[in-house]
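Structures given as structure tokens follow.
Two complexes follow with chain A in common, the first pairing it with chain B and the second with chain C.
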Partner chain A sequence: MRNKWYLLMMVPAFLFILAFLYIPLVRGVVMAFQNYNMFDLTNLHFIGLDNFKAIITDPYTDFWQIMWNTLIWLVFSLIFQFLLGFTLALLLKKPFMGRGIYSGLVFYAWALSGFAIGLIWSWLFNGQFGLFNDFLVRLGLIDTPIGFLSTPGLAMVSVIITNIWYGVPFFGIMLLAALQSVPNELYEASVLDGCGAVKQLFYVTIPYIKPTIISTILLRTMWIVNYPDIIYAMTNGGPVNSTNILATQMINEVFKQYDYGQGSAFGVIIMLILFIYSVIYLKLTRSSEADI
Partner chain B sequence: MKKATALLVALLAAALLFAGGSGESAASDSGKIQLTFFETMTSPGRTQVLQDLIAEYESLNPNIEIELISPPYEQADNRLSMMLNSNQELDVIEVRDYTQKQFVNNGKLLDLTPYLENWEESDDFLPVAHEIARNVDDTPYILTSCLYVKALLVRTDILEQYGIEIPTTMDEMYEASKELSQKAPNQFGYALRGKSNTFKISDVLMFGNVGNIDTENCYQTTDGKYWLDNENGKKAMEQYVDLFKNGCPPDSINWGFNEQINGFISGTTPFLVQDPDVIGSLEGQLDPDCYTVVPLPVGTSGYRYLDYGYNGFAISTTSKHPDEAWDFIAWLNGAEKNAEFCKAYGPLPVFQSIYDNDDYFSSDKYQAWADELVAEDTIFVKFPIDSEKYPAWAQIQEQGMQAMLMGNVSVEDTINTFKEYWGY
Partner chain C sequence: MINRKKKIAAKIARFILLAIFLIAAILPLFWIFVTSIKDGTEIYTFPLKYWPDKPSLNSYRELFSFSDFGTYFRNSLVISLSAAFGAMVISILSGFALSRFTNKRAKGAIELGMYFTQTIPTFIIMVPIFTIFSSLGWINSRIALGFVYVATVVAFCTIMGKSFFDRIPASLEEAAKIDGCNLFQALVKVILPVTLPGMAAIFCFAFINIWNELFIAVTVLSSSSKMTVPVALNSFISKTGISWGVMSAGIIVALLPTMIVFGIGQKYIVAGLTDGGVKG
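Then we have the complex of A and B:
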């Protein structure tokens, strides 16, 4: 009887999830197979895989460059966010005076809106009035300002640096919490076994917090791939498509071109890629976990 | 009994979940007629102006209550489209140049002909405002409210410093920009717009040098051919590339509105082509004596071809109170309130009497726009907003122009790509 009541009490939550997650999700997937364009909704019908064909073969927006940009954006953002975040967590693990204030200041970036961060950094990187250029000129390192956001290769580097700055606190917070749960006895025992600091890191710390590392990397991967805010504010995907990723192009299709069909097709592609990645990643990390 | 209780609880939960989702909002609890007004070009300052005007209207019409919906700017058009397409009840909606066709196509706007026939201010309404109202299917679906027309803003103090005259032709402006760029390090001429709706400025600059532009579709010449696919077109593009390379900051390839304004205020780029609402952005940041506004220079054709951006008010086909909705927009968009609204917000008003009698809009800063609207060498043209290719054009043009300006793609190839896109 009590179990039945528990089930009944879950109905509102279930309805919420159904209404705000699964129905829109299914609706989005269905749209990917329709010519759902706000410009003319009088001719709405199923068109099979045409939206997918259109975005992959679009001669004006190079799909494969967008895929490549997404990969570069993800890999470099993730690696540096993780390494710097982990380093930050290790540094903050030991108590020191003002640690609380320092942590608060460092972690504050995580609380800011991505679009606002993009706007702030776009002024820092600005090739005409930017602080970085001013700094470099004053130091005598350059004569003429560098077009950080107006040169294709540098634009990608600039948006990745901004994303790294934004994402480091996430790894810092999560890994610091995990590090604080490592029992001191393990370190004491490892010292008795003759471990130095480096060996302790690789044989005690990392194995112990591995579940946190796995889940945070998985989460962050999904967020980075789905995160158009910084790029949108800094370069709008340019110059010449050089910083356009799947998520920014999806936003373009929906909010600027009113093409919900093709926008949804981009969404489905992102979803599929992340699903395949998650399955492979979890399989690999589980098997390596079993090896320990 | 237990099953009935369980069913009741489940239904209650569902009811709670969807409470408030109903579109029935015609009458408020107070018994007043409730109108829903959806604003799309939102900003905190603009929304406040509208709220003040609504409060004034409500005090004059105690039986009317108006609910203003003002989503964030970036989401507003899409949210409105979604609400209209799900047939939610809305009364007054703000329509823009590039949503007018879409809403008409989808049958969401009420034909205003019966109301306009008896509208007292019709004669004072600018001819261009009448034309805009009828832009789709030659039927007045909107009541035009504001105009956005490009003019040239000039930093007179910097031009005086270097002894350069205010340009009256596009060639003069290009030359002056190049000359200014030689004067000092970090001094350039023209504030080029490299991203975010670039075509609205770059094309307006080039139309005059091409000439014979079709007024109904500015992407073709009067003989029905693609506008850049001729000697003048090629030359206009080459001049534009030359302007970028020799008269603009290299970084301007990534400049949007904010960077353009910053370039103008700092004096780095003393020439700026913009809409009248830019005056509001300059207020408090730049001494008004430091700059002036002049009509957009004419091209080698002897004409300036301008497009007009606009917004207006419309009545949704889902409105249950169209008469009251009309009464409200006729009041809100009458000459008196139109002047008040445009003064507070910055765009050009749509009544002749405002330009004739209002000191503010006949001041020197607005005179250029007032002159342009009636000048004999001004030809108003329309972008092909009716075309289904139009919504994607901004991104394609931006990428194409950036590639051309950076030297990655030739002028000829860029023209061919654009021509092919438009199907010529």
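Then we have the complex of A and C:
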């Protein structure tokens, strides 16, 4: 009977989530199948899959290039965020003097918005007065500043480096906490069995914290694909679509073209991809029971 | 002998790596700070000066006079504080209830529904929120924006809250009951005082996320007197390029509240995130 009271206590949370997340979500999905353009709302009706067709056959923005960009953006950001974050967590595992302050300073970027970080780094990468250009010129590696964000190949590298910087604290925080939960007896036993540091890492540490690794990678993947903030602040998809990913193309449809139908269709595509990805990912890793 | 040398080498390597991570983490923020205290001409000279000849607060003065940043800062502060507080209260109730709920199946389903909110792209709900709010006459309302913010953080906060309450044995509120408390009194008088750090973590997490949010604010707010800090920074971009003096001053001011909140709540946030979001 107590459960009734508990349900009642959850009502406010349910109402907020329902009213401001799930109802808009349903409407958004419906819009993806309508000709919802702010310039012409007089003849609003369902148009089947036309929005999706229009996206894929768009002559100005090559859909497959955007998909490819999204993949590159995801894979490189994720791998380096994870590897560097894990390294940092391993370095911080043993206590040392000033560890509290140190971790406050290196983890601080977690509390920043992707948008602010994008702004900060677009200044560092600035093609005329950027700090990185200054370093390279002083080192004699280049003669004149280069336009990191205005050269197609370099722009993608620049936004990915920024995204890596953004994600390292997340993995650092999460994996450090997991590392500290590994019982010391396991390490002691592995030393008796003749394990060196490297073997210890692969046979003791990683298996023990595998659930955390699996769930953090899944969460981060969703955020990297979903959030356009960094690219929006740095290049907004340019130059010539070289950094355009699904999420940035989606805001451009909404903000610039006012085509809400096609914008929502992009949203549906992103959700579908993430859904399929999560199902496959969790199937492949189920043996270790990711607990998210 | 060899072992000792190895150990020293490992120590030095560790020290160097830690130093590299620290420099990489601090350099971008340090550089934005240096830019914000340079005067106009020094920002745009190449090769760069790593410290201004005469540090000046001109950019900050301009920020608060021309662009009315004080108003945006106040807007952001009011919205973030009240929405974060609202989210905290709501998720204390829901987190506690979810923790004590005994129907295993329903509990699992509710938790899953909470997690699913994390996968919704902001942009698919942005346009519907705009159209729904237009028809309700809620456009440009800071209260309505606050409601959306509560919704965007409350699911994660509930999960965080649940993990904190899970660690408090139910016998505590049973004892309070014997003493004549009802369920609600037991929660407020007995349970909450024990879980204060957890509540602090929830508040900090909510505050930081709400303070940083840009796109929903752009959608809901239209008049400039109601803008929040991220919206103001965004508007610095669209007006004829970026004036980096004012922009970097704006970024520094925008970072201060999250810096303070993160500084105070770091320990609790870390504990809360790792227990709540991702269990190991």
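Convention: the second predicted complex is superposed on the first by the 286 of 292 C-alpha atoms of A that agree within 3 Å, B and C clash if a C-alpha of one lies under 4 Å from a C-alpha of the other, contacts with A are read in each partner's own complex, and residues count from 1 in each chain.
We adopt the following convention: contacts are C-beta pairs under 8 Å (C-beta built on N, C-alpha and C of every residue); 3 or more make two chains touch, one makes a residue touch a chain.
Not measured: the values here are computed from a predicted model.
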{"item": "Partners on chain A (chain B, chain C) - clash or fit", "value": "clash"}
{"item": "Chain A residues touched - chain C or chain B, whichever exceeds", "value": "C"}
{"item": "A:Gly238 touches, of chain B and chain C: first, second, both or neither?", "value": "first"}
{"item": "First, second, both or neither for A:Asp134, with chain B first and chain C second", "value": "second"}
{"item": "Which of chain B and chain C A:Leu192 touches, first, second, both or neither", "value": "neither"}
{"item": "Touching partner for A:Phe16 - first (chain B), second (chain C), both, neither", "value": "both"}
{"item": "Touching partner for A:Thr61 - first (chain B), second (chain C), both, neither", "value": "first"}
{"item": "Which of chain B and chain C A:Pro145 touches, first, second, both or neither", "value": "both"}
{"item": "Partner chain in contact with A:Lys4 - chain B first, chain C second, else both or neither", "value": "first"}
{"item": "Partner chain(s) touched by A:Gln257 [first = chain B, second = chain C, both, neither]", "value": "first"}
{"item": "Common ground on chain A, meaning residues reached by chain C in one complex and by chain B in the other", "value": "8, 12, 16, 19, 126, 128-129, 145, 254"}
{"item": "Chain C partner contacts - residues on chain A that touch it in the complex", "value": "2-3, 5-10, 12-14, 16-17, 19-21, 23-25, 27-29, 31, 36, 84, 87-88, 91, 102-113, 115-117, 119-121, 123-124, 126, 128-129, 131, 133-134, 137-138, 145, 165, 169, 173-174, 177-178, 181, 209, 211-212, 215-216, 219, 222, 226-229, 233, 247, 250-251, 254, 260, 263-264, 266-268, 270-271, 274-275, 278, 291-292"}
{"item": "Complex contact set, residues of chain B against chain A", "value": "6, 9-10, 13-14, 16-18, 74-75, 77-78, 81, 85, 101-102, 105-107, 186, 194-196, 249-254, 256, 259, 262-263, 266, 268, 388, 391-392, 394-396, 398-400, 402-403, 406, 408, 417, 421"}
{"item": "Chain B contact footprint on chain A (complex, rising order)", "value": "4, 8, 11-12, 15-16, 19, 37-42, 60-61, 126-129, 145, 147, 149-150, 152, 155, 235-241, 252, 254-259"}
{"item": "Sites on chain C touched by chain A in the complex", "value": "14, 17-18, 21-22, 24-29, 31-32, 35, 43-48, 90-91, 93-94, 96-98, 100-103, 110, 113-115, 117-129, 131-132, 147-148, 150-152, 154-155, 158, 183, 208, 212-215, 230, 233-234, 237, 244, 247-248, 251, 254-255, 258-259, 261-263, 266, 270-271, 273-274, 277-280"}
